[in-house]
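Below is one structure, written out as structure tokens, with a few remarks after it.
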Amino acid sequence: MTSIKIAVVGLGRMGKRHVHTLLYRVPRAQVVAVCSSDASEIEWATSNQEYKDFGIAVYDNYDNMLAHPGLQAVWVSSSTDVHACQSLAAIKRDLHVLCEKPLSTDLAEAQSVVDAARAKPSLKVMAGFSRRFDASYRDASLKVFDKKAIGSPFMVRSNTCDLRDDTGFFVRYAARNGGIFVDCAIHDIDLSLWFLDNPKPKACWAAGTLQHHPELKDLSDVDNAVGIVEFWGGKIAYFYCSRTQAHGHDVCTEITGTDGKVMVNVVPKRNNVVLADSLGLRHEVQPEYWERFEDAFAVEANEFVSAVLKDTEVPLPLESGIMVMKIGQALQHALLSGEVVRFDESGERLH
Amino acid sequence: MTSIKIAVVGLGRMGKRHVHTLLYRVPRAQVVAVCSSDASEIEWATSNQEYKDFGIAVYDNYDNMLAHPGLQAVWVSSSTDVHACQSLAAIKRDLHVLCEKPLSTDLAEAQSVVDAARAKPSLKVMAGFSRRFDASYRDASLKVFDKKAIGSPFMVRSNTCDLRDDTGFFVRYAARNGGIFVDCAIHDIDLSLWFLDNPKPKACWAAGTLQHHPELKDLSDVDNAVGIVEFWGGKIAYFYCSRTQAHGHDVCTEITGTDGKVMVNVVPKRNNVVLADSLGLRHEVQPEYWERFEDAFAVEANEFVSAVLKDTEVPLPLESGIMVMKIGQALQHALLSGEVVRFDESGERLH
Amino acid sequence: MTSIKIAVVGLGRMGKRHVHTLLYRVPRAQVVAVCSSDASEIEWATSNQEYKDFGIAVYDNYDNMLAHPGLQAVWVSSSTDVHACQSLAAIKRDLHVLCEKPLSTDLAEAQSVVDAARAKPSLKVMAGFSRRFDASYRDASLKVFDKKAIGSPFMVRSNTCDLRDDTGFFVRYAARNGGIFVDCAIHDIDLSLWFLDNPKPKACWAAGTLQHHPELKDLSDVDNAVGIVEFWGGKIAYFYCSRTQAHGHDVCTEITGTDGKVMVNVVPKRNNVVLADSLGLRHEVQPEYWERFEDAFAVEANEFVSAVLKDTEVPLPLESGIMVMKIGQALQHALLSGEVVRFDESGERLH
Amino acid sequence: MTSIKIAVVGLGRMGKRHVHTLLYRVPRAQVVAVCSSDASEIEWATSNQEYKDFGIAVYDNYDNMLAHPGLQAVWVSSSTDVHACQSLAAIKRDLHVLCEKPLSTDLAEAQSVVDAARAKPSLKVMAGFSRRFDASYRDASLKVFDKKAIGSPFMVRSNTCDLRDDTGFFVRYAARNGGIFVDCAIHDIDLSLWFLDNPKPKACWAAGTLQHHPELKDLSDVDNAVGIVEFWGGKIAYFYCSRTQAHGHDVCTEITGTDGKVMVNVVPKRNNVVLADSLGLRHEVQPEYWERFEDAFAVEANEFVSAVLKDTEVPLPLESGIMVMKIGQALQHALLSGEVVRFDESGERLH
């Protein structure tokens, strides 16, 4: 067995990119099918010459796709509200699952996927926290944990700031995703748990503002927010999320320890080009997270496929996403209520 | 009248530097006297050849110094606990005053200086918020306010992170200065008020940790802290203060607006030198704020002297420091209590 | 026809990497065979599980490999001295060829490959100037030619500086490659012709030094050299080549025009990580050109394969390498003789 | 004796700045007089309130200025063609001299100043190579010589690139200054001698181009040029000079050694401000060398004054400028003739 048959469900921006990643960068994965419930996506896929060349079947019904002959794995890249049920359906059919984060914005539903996966330990089920596979974050991890380059890490600052999207598309999208701290900061929260060695939250608070998208008010959300999470044991993380950056997709993380600091992408750059002209010296910034994390998605997909082929552990435990979601929801609650949200020493939310 | 006779009180690290600034960079100021209550500082000053060359009298009694023949102005550079009384004494004698920030950690006492100064409008009384005179912050102001380069500013991130001082000197010093948010973040708070156009605080929260200086616990302080201030009108500032950086004095500020962001000193550098060797490419960072802000102190002193000579407004209203102190104390309270501190719409603290 | 069968000849460092690129990043290429004349490389390849998984045949005889059933294309990645004869043999068998630069260090031999390729216009024959496929150089080209961002380009500075290799391997390798300006600067010369719009050389001079490898003296070479090429029409390029950098593989290019300058990789970085510690702020640099140009090799291979499949022009004319080689050899002559080498207005060398 | 009485001759851009430096940053110098032969400069100076405040006499006759009561030193900041004769006149009157570089574009004349100074060893006579006093170059020196951070230095790259001046003023100015390699590169040549430890030149070559100022052709000059100097002993320096940069005054130096590289100002910045907007991230560059080297001029002036007051050696031997000029003239000859200029092992030019 040198390759696996895989299907991608969801053909939005990311779904198409995942198909591309699988075709171009994951030689041990054979994309045999894609699926979408969106008519325009189906039309786009059925007329796509590349999909024909590579023999990719196009489905408009998820159950039918799961029945594709020989299918072994599914990459769930649909909207967040169906992540859990699609993952559960695939698990039921004994298919391996790589599911985009988060499993669900409902903690009980997310837990149900974790439970279903545990019940079938031979299946590989993983949530896609793509930054965990990024070369720079991995190098940061090497420096922090293997080389002890910064002593004991105690503070994380992490930002996820998107380029302003004046089409308003993101607003409709965001409405299904649990608010800015769940939708934007989830990776940052995950990074803080990684680099602070899985501390338990103690308290959090947040503040937000509406600068470009007043329509978010009715959706109980904001377009810019900052939040602090205090952990038990004297560790702290703080976050800035924004939907309205003028200069590009700006995602940076700083991990401060007792003897130093590791900085990841504090000065974002699209490439190695600098232009010197009458405005001075300038460089461009990636427009969105795809450009920043394209390589990470390829590593993630290859490692997932390798875990399936070699029957090894997936690189990231599925349940780690649950605590991330708890913290994201607490920050969102703090943002909307103005109150501090507190946790007990086991990390259980107190109110 | 082309120059003024000025004295410096306090000959700690900063007092000595202020004398140097006056001698080397403020030709219209003539340093005629210095004063200290510390015997070793007095000894140092009386044996200093440069002070002899320039004819600087050395006093161990502040009142005597104030009576120095022809004295016109005083630069108060003593410890924070005597800033107010020394400023008041100078004002009483009709001397112009440049007082290091803050006027006092006691709001009533600080207000008493403001009141005394108002009662003698012919006197120039200024609190030394040195960053206001820094070329980069002024350029940032030009971009934000004059050129409208970032649209409407709504968020400020600002850090004051000191190089770790293993001598413990700072701990004794800090005990007199009101805690980390009052001592360290006061400039950052001032900058946030400047760049957000004097908003009124609405609520704040903070979290801190002790990483190197457990002895601070007894002094109700921490060595690293982050805090968020939410202002009325949808503006936000957040701060990181640290006493324990490994790499140098790291002071940066980001002002985010609706159309862009201005970043000041986000990548701190000691000078223009980069060393490439087997570790990669590296540059050094200023060890302390003197190296970062030496030029700003010279500008500050020249502008203060010019205001005296030309009888013009001092560049920074004395009372602006009061709101800075209110916010600093609220953050410190939030840090120690774990509770949100709230303000009414006029910026008055509610509890 | 949706993919081509391709073989790689030469299994040194780069040959192995090219196989990897074809497997992992070029879905329309099927690697069916590899070939080496080196026993240890053969042994390595025959025992390689991945090669077995993907069904790659291993040959120790180049002619036999060319006879592999269904083979359509060859990637020549052997040592420079056999580039030409292996390319000619492949062309003779009507196989498409992607040949590593340079075709040959002998201009007549290089021309013979160009002639053979011209005689079979249906074949795609390309020399691998990988930097032409790098995202940053392509963005530079976009800025220079499409956006006219720097006015009229008239000067190029370009460096190829390798990390010091104390194993001495490179010295033996270099002996076969025509000297530092032919071996190292060939890409820089190619870039200068690209960005200066194919000017004709007028004169050149160079100077070099031996700092780490005195043994190069007997091979008529140096380990560090700088050279200037003056072109007809007032354009200039200058180069620095080094075999002895302490900090990594440092390849940068600056294109100066009448209204600005485009800089590519002037501050080399391995990734997005910066470490702040007691030495200041530092980042690492790529150790060799593979890390810098891995993506470019994937683009190059995909574009070559696409040209074969779609029967379109290869992205880079084969003959463009001839002028690059002429200039490289003239610089090497100037370096060794100390004399200026001059060219007539058609770019023919005068002596 | 705690200060000296000094006069400045020449009130062009730099002369005015030197007066400012002396007034604001050199407390042990008392500016007693200025002198110019230009009527508009005289008018400007006589109506200048600051000059009045500080009691500065304004002369239109150099000899009269030299006779100013009590005058002890002169800062020669006139045009290059009168540097030597004004220095000689001052020396004749037993005045200390700080003369802008170069002493003369005529080597014999320059030597006559050196001889005159040697004949009066009690006088302090110094040529103003301001970069020698720059904090970054001094830090580079510390790293190279004291810390041996780069092993043995063997190569220097150094640029002096001026912002384009469309007023044409510089052309008229340049005509008196010996050509681009003498006028622009003189500091770079000086730096190469400094950091390569005073090697003797062996050969040099150069190429230039006219991009913005065709009128320079009649003056036997160019507006952009590159040159290489090979030194005896395997050391090399290469230079790029430009009058036509779009982005600012760009002066950088790289010193490469056997174990590393020191880079000075490779990424020029006006201040610590970065603007992020729809164009990406950008910073400004100093418009001219004054902004880059203002601090260096203050250090230079203070050290010169200190040498006078304490009767110590000037920090830079006067004769060191002679070799700098020899190399500059050789490069200019190579540029215009297209021929290599060679030197014997003692550094004497051969033809």
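Should a chain be cited, it is by its letter among A, B, C and D, assigned in written order, with residues numbered from 1 in that chain.
One rule holds for everything that comes next: a contact is a pair of C-beta atoms (placed from the backbone, for glycine too) under 8 Å apart; a residue touches a chain by one contact, two chains touch by 3 or more.
Per UniProt, the chains are A, B, C, D = NAD binding Rossmann fold oxidoreductase.
Predicted, not measured: the structure shown is a model, and the values here were computed from it.
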item	value
Pair in B-D, C-D or A-C that repeats A-B, with over half of contact pairs matching by residue number	C-D
Rounded Å distance between chain A and chain C, as computed from the means of their C-alpha atoms	38
Geometric centre distance via CA averages, chain D-chain A, whole Å	56
Sites on chain C at which at least two other chains make contact	150, 245-247, 259-261, 266-268, 270, 276-278, 281
Arrangement of touching chains [line / ring / star / complete / other]	complete
Residue ranges of chain D in contact with chain C within the complex	150-152, 154-155, 157, 203, 205-212, 224, 226-228, 230, 234-236, 238, 240, 242, 244-247, 256, 258-261, 266-267, 338-340
Chain D to chain A touching residues, read off their complex	245-248, 250, 267-270, 276-285
Chain D residues touching chain B - in the complex, by the definition given at the top	2, 23-28, 53-54, 135-136, 139-140, 143, 149-150, 259-266, 268, 270-278, 281, 302
